[in-house]
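First chain A sits with chain B, and in the next complex the same chain sits with chain C.
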Partner chain A sequence: MRRGAPWLLVVLAALALVLLLSVGVGARPIPLGRVWSLVWRPDGSSDAAIVHDLRIPRTLLGLMVGAALGVAGALMQALTRNPLADPGLLGVNAGAAAAVVTATTLLGTVDPLAYIWFAFLGAAVASVVVYGIGTAGRSGATPVRLALAGTAVSIALIAYVEGLTIVDREALDQYRFWAVGALGGHPGSLNAQIAPFILAGLVLAVALGRPLNAIGLGEDSGRALGARLVRTRVLGAVAITVLCGAATAAVGPIAFVGLAVPHVARAITGPDERLVLPLSAAIAPVMLLGADVVGRVVNRPGELEVGIVSALAGAPVFIAIVRRRRIAQL
Partner chain B sequence: MTLTRRTLLAGGGAALALAACGDSDEPGGGRAAAGRGSFPAKVPHKFGTTVVRVEPRRVATYGGGDVDTLLALGVAPVLVPDIDPRWKRLGGVAPWSRERLGGTEPVVVSNEQVDFERVAEVRPDLVTAVEFDMKRGDYDKLTELAPTVAPPSGYAPYTVPWDVMAVQVGAALGRRAQARRLVRAARSRIAAAARANPAFGRSRAVLIDPDDDGGVYIFAPNDVRTRFLSDLGFTMPAAIEELFEGQFYATLSAERLDMLDEADVLVLVATREPQTANTTGTATYRRVRAVREERVVRIDDPDLAIAMSYSSVLSIPYQLREIVPALRAALA
Partner chain C sequence: MTAALRIPPRSVGVGLALSATLLALLVVSVGTGEFEIPPGDVVAALAGQGDRSTEFVVETLRLPRALTGALVGAALGIGGAIFQSVTRNPLGSPDIVGFMQGAAAGAVLEIVVLGGGAFAIAAGSVVGGVGAAALVYVLAYRGGVTGYRLVLVGIGISAMLIAVTDYLLTRSTLDQALAAQVWLTGSLNGRGWEHVRPVAAGLAVLLPVAALLARPLRTLELGDDAARALGVPVERARLALIAVAVALTAIATASAGPIVFVALAAPQIARRLTRVAGPGVGCAALTGAVLLVGADFLSQRLFGDVQLPVGVVTGVAGGAYLAWLLAHEWRRGAG
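Up next is the complex of A and B:
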């Protein structure tokens, strides 16, 4: 813990700063002092509506989705012992997209709040299928088998999605909306809808820190230390599905956050999962909301969606990590 | 955030090119009866000049608005682009043009890229691609199959105005004069609607199309959608007019929907969900003046939305019939 402590303060300070920026900065320039007073005393003006109805819910959404993606990425990388694991790898994004277009095609246009549940279901089913294929056979769920199963299922699902969107215009519209992750423009009730899932997933994930450390020593050593491999893997898969499913269902697929953040966390703390998991939960919203704030000001009076900015900003960060030091071994 | 051609197709450009052609019938064109053009027809376009030597009988087209224009000139195309999957059940053309197919069934092809084999299969004797982003390579290959007419020079892809397009397609059929008559008829319908509704000329209007994150797309003065509204007499709020920087569209964040306050009436394209529900559900949308005053014309019909982004001599009467009463009611 001693090694991480000063860094933890830096990360928490950065998180506080980015939360303030996210409430203070947007496509409409409002002086920071006025924003601050509106936060506490809304005056019924349109500036107050922007702060309370757009920026604060959007900031909370970014906080939750960021934490979910960061922790899910760290969990995936630890469980599969694959430093390149991310929500795309285990079929979660493709499963959510496939469910959305299926629901749209079968039921016509789905209520914006209802289709989140389809996305969630699709993410869960895809994860279960991937895990089932990955663990079938005698050799069990090796990292390579899981990654291959995830890739195969994703490719099949994306082919299905593309096929449907060619023949169904409404499905195309929903998929288009989906394919670019955005924090803005969601119904106000979205946060309350996904919060229980993300909180439960975060608690479960952090509780898995110690058994994941044992797995990190290798299967044989882990078993010798009393790690319950199957139980840890199943609970880990549940946490990943809940976190990625809720985040992806809510805002669409977002690249690089789940992939890059755990590397930053490990660079700070070393490979102790008890620290990597909570630190990932704090670093990921900094990256996600930071990208979102940038997207709000570079295209005024329009905006650039966070999925685009985070992909643009995340790639160089990731390359820098890979170049600077050996990737922390998993 | 890329715009799909299907629903957000660009339009625009001024009608200057057409005006420059003059309105008199070309020498030798005479009073060509419908169905009988004058040949050889010379058609200048962005890749050169195409000479059509004999009356085309099998016309293939990749242009969106070209389809309507050909049908208006009495030619049922044998190959058309897939504008909307729902239209396949109508024979591949717009509902307002369907009866003009006269029972023929064109081959419907994806308009993402040119499928040369499908074009060759229909054995065309003319290919038009005026409302299409045709590349030089496409043009060269298509020319080997049949005389091919590209967009006139001076327009960005998908920005040839409907009236210029009509004359370009008409020229390829050796029927410039007939095309000009169709343009005049469509223009006089628009002018009549404008005269019958003097309130339009005193009002500012903006067409908005919900984007993917709670804001809206808006369209430049030379875009086909905005041009339709200005032809009816509406003006665009000055603050909006400045936003385009040469692009045919711009976006307004949910935080900047207040910039729409200057508009007396909004035309809302409401054909895509969940985008429409998300944008209209924001606190800032509900505060926009025209929304509070219930002066929003909502376009729920996808055919009407397509008609407005692929204007043609045939879609304009349809657009006028559908939207003018709604605009009048909104301003009442």
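Up next is the complex of A and C:
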């Protein structure tokens, strides 16, 4: 922590800045000073409605989804001891997508609030299946087995989604807009629906920091240090499912945040999961909301969805980190 | 050379069994359809002894599709085996390190923005895939390329390319999106001899090169330092291997679209069948061919009137099979 302390301040300042920008910047130009006063004293004007009904909920959504994705990614990378682990790789996004498309094609669900629950269910089922396959057999859940199981399940589910969307035009039309990943255009009650899940997942994840450190030393050393491997893995899997399921269900699959953020966090703090997990929760919203603000500005009056911006902007940064140094070992 | 390439007897047996399976699958898939042909007549027609209508159905309509499937499957199997060995990571297949995503972005750009025909779409996919692979290699190069950096850079580039594809799909008309989705899934529908020839020619050139590179490939699996100590020019060998794997994958993708899972799974399945630790390029090729021909057979018959692209079947069946394989793996430490 000592060597990371100045960086922590930078991260917190950046978080405050993107929160401010996310409320202050949008399709309709409203002076920042007026936005600030409207936040505290809504005057019933249309500007106040924009700030309170659109921008603040959207910012809170980005904050929650970002934190969930960042922490879930850190958790996955620590659990599987695989620096490549991310919600996309372990099948969670594909599970959510498959459930959403099933709901829209076969059951004809069109209410966005309803298919959020299907996405949540799909994410949960996919991660249980991936974990079940990864841990079956005598050798237990080795990192490579988990990643392979996740890839296998993802590929099967994505092929299933492609099959359904090729046959059903309506489903394809809805799916392609969900699949880009957007923070805008969601119903106002979305935040309240996912907040309990994300908060619970974050608390559980941060509580797992210590046992994860023991696991990070390798299975045998971890066991010698008294880490309860099975319990930690199961609780970790529960936290990942809850966090990714809620985030992906809410805004669609967002590539890259869960993969990149833990690497940045580890570069700052070193490989101590007790610090990496909370720091990931702070860094990920900076990235996600920052990408969202950029998406609102570059293409006015239209928007570039956050999933696209975060991938286009995050990938080069990530590649630069990969090039610059040895990836901090897990 | 001969000592280094000594092939374990089990691999020979597996190779023969896979070849027999492939031939049987080819005969059966050429024989079935709206016009049923018994296997004996298929063989007779192939040998030039059948009647004219049978020969027309076999040689003009069905054989090219089956052969394209077999050749594309083989190319994907070899490409995947090389990629996985070079990156020393079972996930280091072209589906994951950027090639397929580059091909997809190139093709969707062609479909949605430029509105090109079938040839232009295939060309767009090759340019996209090769461009992505080259970009990944260049960005991962830093006084040499290590496997992990290659996979990580590949995942980064993939994320960007997927974003581009998704963006294009939301900005297109629904019909364009549908056409793109069919192409993105990978299909063997309507493949004729004009599709067989380029793949066959490509394989004829690239297979001997891959065979020549088998020894350095096996040595690279031991790690860079060990390979260097054994006298292998590590960087040059790796670049040559990646070039061969990219070329094979490019040919396969241009012919059939970015079919997922074959390049990822064929080497893994072959490895488990032969129980050999190293990259069994030959068995991976045969496994890939069997997988794709079998999947195409199923995709044509399984869903009645709905003709699903073969990529749907390779994805669902292959992904489920790899999962099953992992779940039933009893040998400790494997997988």
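Just so we're on the same page, the second predicted complex is superposed on the first by the 329 of 330 C-alpha atoms of A that agree within 3 Å, B and C clash if a C-alpha of one lies under 4 Å from a C-alpha of the other, contacts with A are read in each partner's own complex, and residues count from 1 in each chain.
Heads up, the rule we're going with is that a contact is a pair of C-beta atoms (placed from the backbone, for glycine too) under 8 Å apart; a residue touches a chain by one contact, two chains touch by 3 or more.
Small disclaimer: the values here were computed from a predicted structure and weren't measured.
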*Is chain A touched at more residues by chain B or by chain C?*
C
_Touched partner set for A:Ala192, first chain B, second chain C, both or neither_ = neither
*Where does A:Ile308 make contact in the superposed view: on chain B (first), on chain C (second), on both, or on neither?*
both
*Examine A:Leu32 and indicate which partner it touches, taking first as chain B and second as chain C; both and neither are also allowed.*
neither
*With the two complexes superposed on chain A, say which partner A:Val203 touches: chain B (first), chain C (second), both, or neither.*
neither
_If we overlay the two complexes on their shared chain A, which of chain B and chain C does A:Val230 touch? Say first, second, both or neither._
neither
*Of the two partner chains, chain B (first) and chain C (second), which one does A:Val298 touch, if any: first, second, both, or neither?*
neither
_In the overlaid three-chain picture, which partner chain does A:Ala16 touch, first (chain B) or second (chain C), both, or neither?_
neither
*Contacts of A:Leu54 with chain B and chain C, given as first, second, both or neither*: first
_According to the stated criteria, A:Leu107 is in contact with first (chain B), second (chain C), both, or neither; which is it?_
neither
*asked:* With the touch criterion stated at the top, can you tell me which chain A residues are shared between the chain B interface and the chain C interface?
replied: 166-167, 169, 172-173, 176-177, 180, 304-305, 308
*Hey, which residues of chain A end up touching chain B in the complex?*
26-28, 46, 49-50, 52-54, 109-112, 115, 166-170, 172-174, 176-177, 180, 182-188, 296, 299-305, 308
*chain A residues within the chain C interface of the complex*: 83-84, 89, 129, 132-134, 136-139, 142, 144-145, 147-149, 151-160, 162-163, 165-167, 169, 172-173, 176-177, 179-180, 255-256, 259, 304-305, 307-308, 311-312, 314-316, 318-319, 322-323, 327
*Once bound in the complex, which stretches of chain C touch chain A?*
90-91, 95-96, 139-140, 142, 148-149, 151-153, 155-157, 159-160, 162-164, 166-167, 169-170, 174, 177-178, 181-182, 184-185, 260-261, 264-265, 268, 306, 308-309, 311-320, 322-323, 326-335
*How about chain B: which of its residues touch chain A in the complex?*
1, 4, 6-7, 84-86, 211-215, 243, 250-256, 258-259, 271-275, 277-279, 281-284, 287, 302
